[in-house]
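Each of the two complexes below includes chain A, the first together with chain B, the second together with chain C.
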Partner chain A sequence: MSDSPAKAYLGVPVRRPRVAFFELSSCEGCQLQILNNEASLLDFLSLVEVVRFREGMSGGSDEYEIAFVEGSVTRDDEVGRLQKIRETAKVLVAFGSCACFGGVNQLKNRFCLDWVKKEVYGDHPVETAEVRPLDAIVQVDLRIYGCPVKKEEVEKIVTHIAIGSDITYPRYPVCMECKANGNVCLYDLGEPCLGPVTRAGCDSWCPNNRAGCWGCRGPSDDMNILQLVDIMKRHGFSEETILDRLECFGGFSGHLEGLKK
Partner chain B sequence: MKIDCNIDVHHLTRVEGHGNIRISIQGGVLRQAEWEVVETPRFFEALLVGKKWDNAPWICGRICGICSIGHTLASIRAVENAFGIVPSEQTRKLRLLLKHMETLQSHILHLYFLAAPDFLDVGSVFPLINSHPDVVARAARIKLLANDVCDCIGGRRLHPTRTVTGGFTMLPDKKELEGFRSRLIAVERDLIDTAGLFRTFTIPDFIRETEFVSLRGVDEYPFIGGELVSSDGVVRKEHEYRQMTNEYTVSQSTSKWARLSRESFAVGALARVNNNFSLLQPSARGVAEAFGLAPVMHNPYMNNIAQLVESVHVVMDSINLINDLLGTAWDAPRQPVVQREGIGVGAVEVPRGILYHCYQFDKTGHIVRADCVIPTSQNHANIQHDLTALAVQFAAEGMQDRDLELLAGMLVRSYDPCISCSVH
Partner chain C sequence: MIFRVIEKAELRSLFTMLSAANRVIGPVGVGLDRSGRQLYGFEEVHDFDRVALDYTMTSLSAKKYFLPYREIMATFTMDNKDWQKRIDYNIDAPFVFFGMHACDINALNRLDKVLMGSVYPMPYYAAKRKNAFIIGIGCEPQPNCFCRSMGTDTALHGFDMFITDIGDRYFIEIQSDTAFNFLKKIRTGEPVEADHLSFMKTGAGKNEKFAASVDTTDLTKILDMEFQSEVWKQWGDKCLGCGTCANVCPTCYCYSVEEEVSIDLTAAAKVKKLYSCNLIDFAVVAGGHNFRPERHSRLKYRYYHKHRGFVEAYEESLCVGCGRCGEACLADITVPEVIASVREGRKTDGQ
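And now, the complex of A and B:
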């Protein structure tokens, strides 16, 4: 990709950072979102120099500045891989909910590991560990939330990195975006929703489709779980439903005291 | 004649997930040919236990980043079968249309971005942006259409939002469906050109007699539910899937393996085409015939061509489905769900082959046991046996290391494996 033209921003040519993509335990869907953005893929590729992307390209270089790491750590060999990436990268990006919070994978942590292994593999030996997000192992410089990540947000953040601008996240919850989009409140349609407590930035992706929020982007600043529980209960939802939503992607772990079954 | 050869591919590229190829030939004798899967298990079957039924499709879609729609639909079907829910005709058609467009986007992703670079002797699709701009633009155009339809019907191309037990949270705008119909009609030309491109590629000449397993179509080429069939003549009901898969563990793989009548079998586009050839849309059958693809085809590299054939089929069938949907007034988007104790199985043909989800629910609607059998898990043993036969055949012909390494990588890629999915 070295011969494609560099992008200009406000008339000034932008140096293309060397980026690499890596995946730990994950569905690799967040990476695929890059290839899935047909309309803007070529623009994206003119902004960065992709030097490693195993799912999409053979070969590759270990000289990169920005590492996008998808997935959570679920086996000891992933610890070493992640540390090596940390040593090489100037900027390490936790890419998607699995990397930021453990994602759906961390639902495994509800059980003891011996039972988990036996349930799936019987007596066949298999190695696994408690699921951890990247920042439990290494320093994480940037987080791109979501299951899956939203391509517009990825592109905005990459652009900001390329031009050396600060990265900011919405401090407010999904509810704000949902209201701005003019949606009928999911609670009025009889659906549970974590919109009041989840960090915005997805443009209320699920509520726009009449599906309640499951909190994949984790908590917004100053969110109030007790108020959410009150709303949920007033609309007739059980503690189990509340917990199912809050614990699904791992973003609210640490806020679940008193809610455990 | 070639005497020695050592191939060691760590984390094969341009496939989903992590697998290694090792081939060792000494003195013209094959010492080792191994397809090793080292992916970390995520234990979906365990983490579902104790969860209420409505969690299953939402969580299980996350098994796969390529075929999340297929996983969601298999999960929904398992829940609906357990609760005795029969989807409405409207829901059935919308799900099939959604499924078709996932098949199209996945096949095109594989054909152009993952497989074609091998035939064009480049490492990825990226150099083709400059050397073959028309080809890349065409691939992007087809994929964009498929993904746009998925966004419209499923709410989102990856990890869909509108697909729920009982139907959909909301329905697409009919105006949008009309627009997609026009784009589908226009994309036929792109598929003809795709066939033209693949006609310029040399498909490796390698045959190994194989058992093929898929859904069995009755009136239409099968994608969602129905009987299971193998090219060796085994027929089973959907709920008897365990007798079709017979999963077992092996030391070389964190994914389970499967077998039926022989030491291994294959699933995927080639299996579906082999088992349901007469049910393909006529123009899709025409493409198959142009490539000499007729049942039963035993060359695994022809799975690429089978994906091309299916791409044509799903486009033609999607036009018909949209015509049907536009010809009737919208019914309610979803039907009520009443939970009950029981076991449900959902079998769905996803891009890489037949996928099964099975859940056992207690009377409060909580999952007691879960089982997911992934297409690529069913293919791993067959890939291993193909790899051994390939190494023996080409070592005897005195092939160079680099060529054998390329052919071995292309063999695995032909199956379009979804490795993290297979381990889940």
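And now, the complex of A and C:
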């Protein structure tokens, strides 16, 4: 994409890694977030050399160090592609909730696959299997959560890669950011919200707009999901409402034992 | 202490005078909850009619105007091998706080002890605290209020003037010469014996309305004795570990510091963010060891800091009994219930 010279940080030249973007089953909305930030796009491109990015450039090279892979695995050919990416990349990044947890796609795992195919494709069936996140197939080195990812967080991670700083995520839940933003608690307004169990880092994007959290960033560390389910029931939300939220992005799939009938 | 009385309509004149030249923060209605109950918050106000003088309790404390949730401590500009550091203590123009309850004034007094009275005062806090003109206002005890148990239902200092509604007029306590001089510009009167009686009657009437209480007798010692009590684990099972109690608390001041580098690598900032001891990584040290990996131990230490450690250091609790944490906790963990359960060595009914 851009061939501007490598930057320096405090006089030390910063190496500009070759980066490629890939998409499996997804809406490609996470990649769009990168392009969405015109104000800092050139700075972003001066930190990494993008060699493959079909939303932003033609052609592309297969020589890259960091692979950002968006989407979940739903077909056999995607398994092959993902394994090939893994062989090439030094660092494989699961980019967005589909790549991390299966995302919205994995909702279909709730149903019988034949029924799903019939419902969606009618008399023109396509090959589609149970939805899996990237780490069900290959080793994932770094996860960037969110549906979509928050571009500020992606930029922060890329900056940290450039200057060699640790990459850390908030381990606490969304409530921390929501309270700091001065929001009225969604439960006070009678809305369900997964903020108390969902990893922060989104700056409480949805609650800031008076919409309850759907858990797209997956569970925070040491979250207390059983207590939250109790609280939701006490607030009068049905088991169906609760499960719909918790199952929406797949982040809580390993924690729903005992909640499903 | 100097006292004055003013006609109720004169308060508007005071507000108009103060807001003409200053930023004014005050209690305002911020919407209704699901059961139609009015919710309150502190916001900048320009119109006296927006000020909710009879507000019950704001969901968030006044803390953010003194200890912002996110505050830049230093910024850096970097130019090749050279760099420059710039520190701004955020000493803005003075501001007016129009209508703070006694619990929140006492909370600031506790923060003063830690953030201004210690060997290393925090200039970021002091800049705002010293620049605030605080008008206190009397309140009605709410179901979760237990300030009377904590000795914080009245404020002795830490404000400029305090307003009490004594029926047809306001009774005013004057603490600073700034307040005295401001009041010279509106119509005030010397209180007479009848006003003193009305003031005392108002205070006595308020005392009868407290529903919640905490028994603080020997509490520091009891907390030491009950360090291993099973009740901590039971409360820990309920705790969401979300940090909401600390965020709504007027005295929780713990923070984390992060360095942020701009994406063009030419600027950086050292940013302070309020944190909570209930969060999973609060007690993580270099090397990765976590001294408090379980929720119950983190919840317990929050109580020990408020009700034991601070009392031993400063002879008063860090909890001012405002009741916000119990009000905000989705898991219904309230200070009166937790302390009662520890005292009894068992959980209270209904838990």
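Please note the rule applied: the second predicted complex is superposed on the first by the 254 of 261 C-alpha atoms of A that agree within 3 Å, B and C clash if a C-alpha of one lies under 4 Å from a C-alpha of the other, contacts with A are read in each partner's own complex, and residues count from 1 in each chain.
Just so we're on the same page, a contact is a pair of C-beta atoms (placed from the backbone, for glycine too) under 8 Å apart; a residue touches a chain by one contact, two chains touch by 3 or more.
Not measured: the values here are computed from a predicted model.
Following the superposition defined at the top, how do chain B and chain C come out on chain A, clash or fit?
fit
When the two structures are laid over each other on chain A, which of chain B and chain C touches more residues of chain A?
Looking at chain A, the partner in contact with more of its residues is B.
Check whether A:25 is in contact with chain B, with chain C, with both or with neither, and answer first, second, both or neither.
In the superposed model, A:25 contacts chain B only, not chain C.
Please work out whether A:47 is in contact with chain B alone, chain C alone, both, or neither, and reply first, second, both or neither.
Touch partner of A:47: chain C, not chain B.
Between chain B (first) and chain C (second), which does A:136 come into contact with in this model arrangement: first, second, both, or neither?
A:136: touches no partner chain.
So, does A:243 touch the first partner chain B, the second partner chain C, both, or neither?
Neither partner.
Is A:56 touching the first partner chain B, the second partner chain C, both, or neither of them?
Touch partner of A:56: chain B, not chain C.
After the superposition, just quote the angle formed at chain A by chain B and chain C, using C-alpha centres and rounding to the nearest 10°.
It works out to roughly 110 degrees.
Determine, under the contact definition given at the top, whether A:128 touches first (chain B), second (chain C), both, or neither.
first
Which value in Å is the smallest Cα separation between chain B and chain C when the structures are fitted on chain A?
Comparing every C-alpha of chain B with every C-alpha of chain C, the smallest gap is 12 Å.
Can you give me the overlap between the chain B contact set and the chain C contact set on chain A?
Overlap of chain B and chain C footprints on chain A: empty.
Can you list the residues on chain A that touch chain B in the complex?
1, 3-4, 23-33, 35-36, 38-39, 41-42, 45, 50, 53-60, 74-75, 78, 103-105, 107-108, 110-111, 115-117, 119-122, 124, 126, 128, 147-148, 205-206, 208-211, 214, 240-241, 244, 248
Hey, which residues of chain C end up touching chain A in the complex?
Of all residues in chain C, those touching chain A are 30-31, 33-34, 39, 41, 59-60, 64, 69-70, 78, 80-81, 83, 237-244, 247-248, 260-265, 273-274, 276, 279-281, 293, 295, 328, 330-331.
Which chain A residues qualify as touching chain C in the complex?
Those residues of chain A that touch chain C are 7-11, 14, 40, 43-44, 46-47, 155-156, 158-160, 162-163, 165, 171-173, 175-176, 179-180, 182, 184-185, 187-190, 195-197, 220-224, 227-228, 231.
Hey, which residues of chain B end up touching chain A in the complex?
11, 13-17, 40-47, 49-52, 55, 58-59, 62-66, 68, 105, 109, 113-114, 117, 123-127, 129-130, 140-141, 143-144, 147, 155-159, 161-162, 164, 169-170, 249, 254, 420-421
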